[in-house]
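Here's the structure, in structure tokens; my notes come after.
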Amino acid sequence: MSPTSEGTAGGKIHRFPVRVYYEDTDFSGFVYHASYLRFMERGRSEFLRICGIGHQMLLQLREPLFWTVRSISIKFIRPAGIEDALTVHTRVAEIGGARMFLEQRIERDGEELTRADVEVCVISGAGRPRRIPETVRERMAIYPRSADNPAGSQGELDA
Amino acid sequence: MSPTSEGTAGGKIHRFPVRVYYEDTDFSGFVYHASYLRFMERGRSEFLRICGIGHQMLLQLREPLFWTVRSISIKFIRPAGIEDALTVHTRVAEIGGARMFLEQRIERDGEELTRADVEVCVISGAGRPRRIPETVRERMAIYPRSADNPAGSQGELDA
Amino acid sequence: MSPTSEGTAGGKIHRFPVRVYYEDTDFSGFVYHASYLRFMERGRSEFLRICGIGHQMLLQLREPLFWTVRSISIKFIRPAGIEDALTVHTRVAEIGGARMFLEQRIERDGEELTRADVEVCVISGAGRPRRIPETVRERMAIYPRSADNPAGSQGELDA
Amino acid sequence: MSPTSEGTAGGKIHRFPVRVYYEDTDFSGFVYHASYLRFMERGRSEFLRICGIGHQMLLQLREPLFWTVRSISIKFIRPAGIEDALTVHTRVAEIGGARMFLEQRIERDGEELTRADVEVCVISGAGRPRRIPETVRERMAIYPRSADNPAGSQGELDA
């Protein structure tokens, strides 16, 4: 199986806990819709970091690169409220040469609140699209590298 | 043609100016992806307010109601940067009994940066879905009511 | 010493970990200044929740109440960057009948990045100031109640 | 009187309109406290831009610079709500070699909601403090330059 196939990457789900704070809610009493995108971005960032290909790592490449979102299709199913304990689930569906497709959902006590298909790619500091570096694709395939995952709140990976 | 058909509603485009500030950007140097959702929500809010069915009006109904987003499908085409002058374009594609579908895009100097299909509905204070009130559907159909549009930064409606 | 004196409350420091994400940064490459206020609010919320007087608890009083900020004096000493692991330190300096004064700071590896004096009070749903309920003052004095602290990411309290 | 004295700079007040949107509110029903800092930052950015020393201008200096906040002391006096039309007032109190002090307040229909003393300075891309460039201090003193103020939503300057 090729190291960048979705078979490997897609087989594991990253789970990351998020607590709902004041800043995430709006005057309806529930979580503001764009806050779920922030939660999902945290899930993706921790997932990438656990794989050793986080933002700092990309900044240190010969040409500094940035993960960026190309498209999101998101459904808001049930509302979350203040102090709710949520879990962001992240799974890689597919990695190509220039794009990565992820499936994400946010749950509360096992109940699905939000679900999204997310397409990300990498850009240069000038905003130009770049191919996903081979080292990134390789690390993606064999995650998590324990050396890159010494400690912290980066969530957990399950089969 | 019925007053709530998308023919009427869909015939006009609401344009709303947005300036990019510090708060909207991220460390890549460009606008953070979820900020575009905030910009689009501002465009929708001004559009609804120009039609006389803004948030304050919905709060004053016998049963207070809130606009909420059910789904968004969004493409990020080109990045925006600090101080850029953007325009949010909003058009109603369809209004049903319980849902409204809008097409939105964000432009800079006529160039499309972001494009989204947005589905919104109304909920009660307890988060329960409600039918879109008839008064709301009616005002939508005959917008803009000049009495509801005395002044301010609410953008403009064009054929 | 009275159970609501600052002596008791002031003797313990609540520590809460925060990771810097994309959403927290701006185009300067560092954390956006208002994001530190969000971090501090998270620290206060977890601290109050660990004491059994979080937002949900206040909503369930006979007259629902909300914590609100009356004033902040904040110094931004050193900048934080993407993926930095920060710690929010929160200490109650004084509790009066209508106001609570907290000292907060944000550190990275023991280095102080930001420091603030924060004054909070409670308001009704209509935005009217209210006295801090006696139950809230009592729980503050004897925190943490283990029954209110079953699990989660609420940080830790040290002498 | 020297062109960079606070006498000149301090004599004018910049007024900038802000509408309260969904994103700015929280579950208390009012504006989230950190949102007022975002509003004030917009006021400062438009004020600096009207003077010809906005963010883009600073990025184009030989050594690219960024405005950054060193300290804020802010009082939250009355709450704002959804759709409220606010005005951000900005006045330069003093400009030194490395720091600028501003007085800002947010009003609704002439009623003061929030008031702040803000200290800003400039940093390099590496986060190092720099002296405020002489061109910046000069433009500050003779603002607004009409050439830098062709159009847009940048508010107005009054004596």
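Letters A, B, C and D name the chains as they come in the text, with residue numbers starting at 1 for each one.
Convention: a residue touches a chain if its C-beta (ideal position, glycine included) is under 8 Å from a C-beta of that chain, and two chains touch if they have at least 3 such contacts.
What you see is a predicted model, and the numbers here were worked out from it, not measured in a lab.
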Exercise. With chain centres set to the mean of the C-alpha atoms, which chain is at the far end from chain A?
Worked result: D
Exercise. Pick the pair with more C-beta contacts: A-C or B-C?
Worked result: A-C
Seminar exercise, completed: Between the Cα centroids of chain A and chain C the separation in whole angstrom comes to 28
Problem set entry | Distance from chain C to chain B - Cα centre to Cα centre, in angstrom | 35
Exercise. Using the touch rule from the top of the page, what residues of chain C touch 2 or more other chains?
Worked result: 22-23, 27-30, 34, 38, 41, 55, 82
Exercise. What residues on chain D touch chain C, complex-wise?
Worked result: 27-30, 33-34, 37-38, 41, 55, 66, 68-76, 78-79, 123, 125, 127
Exercise. In their complex, what parts of chain C are in touch with chain B?
Worked result: 22-23, 25-30, 32, 34, 81-82
Problem set entry | Interface residues, chain B side, partner chain D - complex | 17, 19, 21-23, 38, 41-42, 45-46, 49, 54-56, 59, 82-83, 85, 152-153
